[in-house]
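Notes follow once the structure below has been shown.
When the chains are written out, they are named A, B, C, D, E, F and G in that same order, and each has its own residue count from 1.
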C-alpha cells in the first residue's frame, strides 16, 4: 500500500533523471502507473462494498506519533478510484494533448506527484500525514498551474492558488495538532472510537474554524473560491484532474471525513450550509456569464463543490447519501466536460464560446461525450447525474423547517448549472460552424476517448445504479459514521423530487436557449468585481503589502542611530521595569568604599574629559580626551591594586590613540550636528540608561559574595601553577584558553585590517 | 606624622592639583599641540603620582607601571606630532 | 618630516626597548608584565623606529613580514595547548621542567604560551600600523 | 635620615611639577609652555622617582628607577622637540611680544625640509 | 668596533640592573641577549661612535645637572612672580658639531634646560633653531650655547 | 573516548586556520587545504557526536583545573549536535568558496578567517564558562567583521558599519551582564552559576541581569526590536559569507539564549511572556519585511529574522516539548539557511543579478539545478515532509499544550508568509522569462570551469541531502531534539558532570 | 565609582547616537571602558594590595585584590583593542569609499529597492 501511495513520487523522482526519454512516444507508457494503481484499488472494491474497512500501517516518526496509516473504507476507496481512474485517463489524454511538448516529462512528473499526494490525503488515517499530503497537493498543483511558467498570468494564478490553499493547509495543520491535543491521538479512527467528545471540548469552535478554512480554501468555497477560475490558466489536463475531479474535492473529502467526528452540531451544519449555499448560487450565476469554456466549467465546479459542502453540512442521512453519490457523479461528468473543452481548444484553437459552433461535424465522438456529460450534469435520466440530482432534492426536501429555502437554492443552482453544462458540453458542437473554425481537424483518438469513456460511464452507472450501490453505501457509511442501508435507484416514481427535476430541466434548457454568451455580458458582470471576494482579498493583499512596506521602512530606516536608540530604549525599559518592580532598593553605606580626594579628582577629570569629548567639535581633541580618560582609568587601576591592568590599559590606550591619529589624518572635520531636539532626546535616554546602570551597580555591591575561585587561586597559584603574579597565572594557566582566544582575536583583526586596507574594490561579488 | 602621612596628605594633593591645572590647559587648548603637551605632562605627572603611591603602599611593583608609562607616553607624543605635521592646513 | 634628533634617539631606544620587552615578558609569571605587555612594548619600539625613519628602514630591520609572526605565535600557543593532549591530560594542562633554568626561572608550557602571546601581539600591532602607513 | 631625604626630594619634585603646572596655564604661547613645563616636570618626576629609590633602597628598585629617569631624560626633550617643530611647521604662532623669529619662512612646505639660511630662499624665489 | 662593544656592555649592565639579579650567569645571559638585540637593530647604521672617555662624561653630567637646576629655578621664579620679564623668540644657532649623535645630544640638552627648546635642525645640519624665553642679547645667547653645551660635547666626542 | 578530546573541534579549527595562514601567498593550495581540513573536522565532530550520543554528557577541564576554577568544556548532546552541524555547514561553505570567492578576497586571508569563525562557533557551543563564552563570541564577531568587509566594496562597508556597531554594542551589554553575574556570585562557571544564582537574595538583581543577557543575546540572534543590523548587512558580502552568516551566526545567539535561560536563569512568567511577545513580533516584522523585498538575499535576511521568532517562541513557551521544537528548528534552520544562501549564489551566478525583478528563466535554462534548489527552498517553507515542517508541528503542539493560541496563530501566519515569499521567489526567478540580459562581461555560470561548477553545486547537493534527511529521518532528529530538550529542562545531570559530583 | 560607570555608559550611548562615525567609535570605547570598570568594581575593590604573592611567601594570605576581575578585564581590554583597531580602519575605509563621515548618509543598504 505504501508503495502504491508513493508510486507517484517515485515516478516523479525517476522522471527527474530520465525525463528526456519520456518526452516523445514513450510518454504513453507512463499511463500504466495510474492504470495499475486503479486496478490495484479496484481489487479492494468488493471487499469494501461489503462494508469492510482495511488498515495499513507503516512506521515513520513514532516519537511524534506520526506514522503512515492508510485506512481504506468506502470514502477513501471512492476517492482513490477517482484519483487513479481519472488519473489514468488524464495521463493518456495528456500524452496526446501535450504531444512533443518540450517539458512533457516534467508535466508527468508533477502529475505523478500530485496523484500520489492526493492518494495520501484520502488514504491517510493519521491527521498529520493527511496534512502532509494535503500540503503536497498544494505544492504539486502550484507547479501544475504554473506550468506555462513564462506567462505572467499563469504565474500569478499559481501563486494565488498556492496562497489560498497554502493558507488553508496551515489551518489544517492547526486543526490536526489541535485534534491531537484534544484526543491524544492523531488517528482519525482512534478519535472516532475513543469516545472523547470533541464537541464538548472548549476548543471545538477553534477546531471547526480551522477545518472549515482548510476545506473552504481547498474546495474553493466562497469567499476563497476565486483561485479556481484563476487556475484555469493551467493546461487542460490539470484543470480536469485537479480542478474538477480530485484536488478541489480534498476539502470535501476532509469535511466528509470529519463529518462523523465533528458534525451534528449547529455550528457545523449552519456554517457549512450557509457557505455552501452562497457558493453554489454565486458560482452558478457566474458560470453562465462566462464565455470561456473553461471558465464556465470552473465556476460550475465551484458551484458543485458548494452543493457538496451544503449537503455535508446538512448532515442528514439523505443529504450525506446525496453527497456520497454526487462526488462521483460530478467527477465523471465534469472531468469529461473539461477534457472535451481541452480537445476543442486544442483542435479549434479557441475556447471562446463566441467563436465556437458546429464542431460536431469534425469532432463527432467528442460531441457525443460532451452531450452525455452535459445531460448527466443536467440530471436527465438515465444518467447517473439524474440519480445524483434526485438525491439532492430528496435531501433538501428531507429537512423540515426551512425546507423551501434550501430547495429553492438547490433548484436555482441546478437550473443555472444545467444551462452552464449545456453551454460547455453542447453549444460548441451545435449551430453553424464559424468560418474561422473551418480547418479544424479531427482529434486523435486519445483525445476524445477519455472524455467519452467518462461520459459513457456516467450513462452506464445511471442505467445500472445497482452496480455501485454497495459501494455507495460504503461511502455513505463513512460519512455517517455508521452503517448505511441506502438504496440507489434511477426511478423513484412520480413525486415532488421528480417534479423538481423536471422544473429544473425545463427552466435550465430555456435559460440555455436564452443565453447568448458574449463579451459584453461578461463585462457587465465584471463591473461587480469590485465587490467580489477576489477583489477584496487582493485589496487586503495590497494593504498588507503597504503595511509591510510601512512597518519595514519604519523599522529598517537606514539610520544607525535610530537602531541604537531603539535597542537601548528597549534595554532601558526592561531594566527599569525589573528594577522598579523587583529590586529591593537599599544602600548599605558601610559596604561602599569611601573615595579619597585623589580618586574624586580622577573621577572629575574623567568626567570633564568625557564632557569634552562629547561637546568638542574637533575630532582630534575628542581623541586626545579619550586618551586622557584612558590614562585616568589607568591611574585608577594603580590605586586599586591592579598593576597588570594599568600597564595593559596604558599600552593599549596609547596604541589606540596612535591608530586614531594615523587614521584621522584623512577624515574631514566633524559634519553637521544633530538638531537640539534630537540631542536632548538622546541625552535623556543616555542619562536614564546610565542612571539605571548606576542603581543596579550599587545594589549589586550591596550583595554579599563568596569568592571561592579567587581564594583558590590565591592558595594555589604558586603551589600548583608556579607563578606569583596571580593575574598572569590566571591568564596563562587557570584561564589560559581565554588568552589563547584573545590573541586569536588580535590575529584575525590584523588579517582584517590588512585586507581592508590593501584590497581593491571590485564590483562583481561572485567572481573577480 | 609619618612619612606616609606626609606623602598622602601633602604631596599627593599637590600633585593632583597640578593635574587639575594641566587639565585646564587641556580644555583651554587652544591648539591641538597645547593639548598634546598637556597630555604628555599628565602622563609624566602620573609617573610621579605612581611612585609616591608605591612608597605609601610599600609596593615597588607599581614602579614597573611607571616604567611602562614613561616608555609609551613618549610614543603618543611622537604620533601626535607626526599627525600635526602631516595634516593639511586647510582642514 | 625626518628629524635627526628623533632618528638618533630612536636608534638608541630600539635595542633598549626590545630588551625591556623581553624582560617584561620573562618576569610576567612573578611580577606585573607578561607576554602581552611585552609584545606591546616591542611593537612600540619598532613603531618608534618607523616614525623616526622610513617604513622601508624599519622593515629591513625586521626582515620578515611582521604578519608572519602571527601564525608563528599562534603555533606556540597551540603547542602549549595540545602538548598535554598527547600525555593524556586535559588541554592546556601546564607542563613544567623539573629544574628551574638560570635567570628565567621555572620553564614550562606557560612560558611557551607567553612567548606565543608576545609574538602574536608584536605581529598584530606591527601589521596594523605598517599597513596603515603603507596605504596612507 | 632616609625619611628626610625622601621628604626633601619628593617635596622638591612635587613643587617643580606644581610650578610647571602653573606655568602651563600661565604661559602665553605654546613654545613657552613647552619649554617651561617639559623640563620642570621631567626634573620633578626625576626627583620623586629618586625619592622612591631611596625609600625602597633595593638594588632592583634602584636600578629600575635609574632606568626610568634615564629614559625620561632621553625621551622628554625629543618629544618636546617633535611637538614644537610640528606646531611651528603647522603655523602655530609665537606670542605677540616675542622679540625674534629666525625660523620664519625657512620651511619648505612642500618638501618638509628646513633651510639653514635665507639666501637659498631668495635664489629659490627667482 | 670598540663602540659596539661598549654599547654591548652597557646593555648588559642595564639588563642586570633591570632584572636585579647580580649573579654571573645573568651577566652572561644579558651579554648574549644584548648582542642579539644589537645584531638585529644595528643593521642599518654602519657608522656608530660611542663615547670612550668616562671621566669627561661624569663631569659633563654634573655640568648638565647644574645647568638644569639653575634654569629650573629661573623658570620657577618666572612662574611664581606675577610680572613677567620674558623676551621670547627663536634664534638660529650655527652648529659646529656635525654627527647626528652630537647634534641630537646638543639639541636634547638644550631642550632639557628650562627656558629653551630646540625646535629644529636645518636639512643640511648646519643650523639649530632654538626657542628661548629670555633673549636679551642674541649673540650672547648663541655664545652661551656654543661655549657651554656644544664645547663640552665636542670635548667628549672628539 | 578520552574526555579531553572534546576540545578537538576547537583546536583543530585553530590548527587549520594557522596552517592556512602559513599558506598566505598560495591561494590554490589554500582552497584544497581548507576543503580537506573541513572534511577532517567534520569527521572529528561526527566522532564526538557519536560518542556523546552513546555515552551522554562529556566534560573536560582545561588546564586540569577542576571546575569551577578553570575553564570547563562540556559536550552535551546540544553542543555536540551544534558542532556537528556547524562542521557540515563549514564544509559546504568551504567547498562553495573555492569556486566563488575571487582572488581579491582569497589573497587577504579569507580561508583562515573562515576557519577562525568556525572555531569560534565550536568554542561557543562547547564552553561551559560564561566569560569564555563571551570570548568565543568575540572571535565570532571579529571573524565575521573581517568576512563581511573582505573585499571592501561600498555596500559591504556601509552594511559593515552597522553590523559592527550593533555587534559591539551587544558585546558590551553581554560583558556588562557577566560583570553583574560575577558581582552577584563570584563565579563564572555556568554549572556553578546555576547553583549560585539560585542562592542570590535580591532576586530583582538577578532579573535585571537576565534582562541584560536577554538583550545582549537578543541582538546577536536578531530578535525584534534588536535585529536592525541583519537586513542592513547580510546581503552585502560574497554569497559564501552570507551563507555561513545566515546559517550560523544568529543561531549562536539562539544557542546562548537556550543555554543561559535553561541553565543559569529560571524562566519566570514575566520572562516567558516577554520572550513570547518578542517572538511574535519577530516573526511578524521579519515576515512582513520579507514580503516586500526584491533583493533575494535581503528577502532571505528577513526570513532569518522571521524564523528566529520560531525558535525564540520555543524558548518562551519553556516546556520540554517547546524546547524540542525550537531545537529541531534550530538544526533544520542552520542547514537550510546555509544552503539557501548558496542557492542565492547560484542564482546570481546564473542570472547575473539577485534582484527578483530582473532575474528569471532559471527553470528553462537549468531544470535539474532548479529542482535541486527547490529542495532547500521548500524545506525552508516548511513544506511537509521536508525538514522545516516537523519542528513547526512540534511548536504548534507545544503552543496548544500551553493554550497559547496567539503564538499558534503567529506561527501559522509566519509559515504562511514564508511559503508565499518563497513561492514568489520561485515564480520570479525560476519561472519568469529572463527579460534582463546581463551585460556581456558578466562572468556567467556557464563560463565557469567544470571543476568550479561542481564546487558550486556539490555543497548545495550535500546540504540538500542533509536537509532531506532531516525531514524524512524525522524520527531520528526528533529523538535527538527531544533528548536535548530533556537535558535542557533538567540541567542537574549537566551540573553534576561538570562539577564532578 | 558606580556613578562614574553610569556616566561612562551614558556618554558611550550618547556618542553612539551621534551621526559621526568617529564619535561612534569613541562612544564604543567609552562603553568598553565602562564595562571594564564595572567588572572591576563588582569584583569589589581593594586598595594598595595587588594580587602578587610576595617573594618570600608561597601563597597569598593577607587581604588582596581579587585577581579574577583583573584577568577578565585584561582579556576584555585586549579583545576590545582588536575590535577597535578593526573598527577604526573600517571607518577610514568607509570614509574613503563612501566619502562621508556622516552615518545618516549610509542608509543605502537598507533601502527596499537596494540592488546588492
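Keep in mind that, in the parts below, a residue touches a chain if its C-beta (ideal position, glycine included) is under 8 Å from a C-beta of that chain, and two chains touch if they have at least 3 such contacts.
In this text, all values refer to a predicted model and were calculated from it rather than measured experimentally.
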Taking touch as defined above, what minimum step count separates chain D and chain G? 2
Considering only mean CA positions as chain centres, point out the chain farthest from chain B. A
Based on mean C-alpha positions, which chain is nearest the centroid of every protein C-alpha shown? F
Chain pair, C-D or C-G, that carries the greater number of C-beta contacts: C-D
Relative to chain C, chain with the most remote C-alpha centre: A
Can you check how far apart chain A and chain C are, centre to centre, with Cα atoms defining each centre and the answer in Å? 61
The distance between the C-alpha centres of chain C and chain E, rounded to whole Å, is 30
Centroid distance [mean C-alpha coordinates] between chain E and chain D, Å: 13
Contacts with 2+ other chains: residues of chain G: 16, 24, 34, 38, 41-42, 44, 47-50, 52, 55, 68, 72, 74-75, 78-79, 82-83, 85-86, 89-93, 97, 103, 106-110, 112, 116
Mind pulling the chain F residues that touch 2 or more other chains? 14, 17, 21, 62-63, 131, 135, 138, 142, 145-146, 149, 152-154, 161-162, 165, 169, 176, 180, 183, 188, 231-232, 292
Listing for chain B: what residues touch at least two other chains? 19, 36, 53, 61, 64-65, 67-68, 71-75, 78-80, 82, 85-87
Complete list of chain pairs which touch one another: A-B, A-C, A-F, A-G, B-C, B-D, B-G, C-D, C-E, C-F, C-G, D-E, F-G
In the complex, the residues of chain B that touch chain A are 12-13, 16, 19-20, 23, 26-27, 29, 32, 35-36, 39, 42-43, 46, 49-50, 53, 61-62, 64-65, 68-69, 72-73, 75-76, 79-80, 82-83, 86-87, 91
Chain C touches which residues of chain E in the complex? 7, 11, 14-15, 18-19, 21, 23, 25-26, 29, 33-34, 37-38, 40-45, 100-101, 103-104, 107-108, 118, 120-121, 125
Taking the touch rule as given, give the residues of chain B at its contact with chain G in the complex, in rising order. 53, 56-57, 59, 61
Could you please specify the touching residues of chain A with respect to chain B in the complex? 597-598, 601-602, 604-605, 608-609, 612, 618, 620-621, 624-625, 627-628, 631, 634-635, 638-639, 643, 646-647, 650-651, 654, 657-658, 661-662, 664-665, 668-669
In the complex, the residues of chain C that touch chain D are 1, 3, 5-6, 9, 12-13, 16
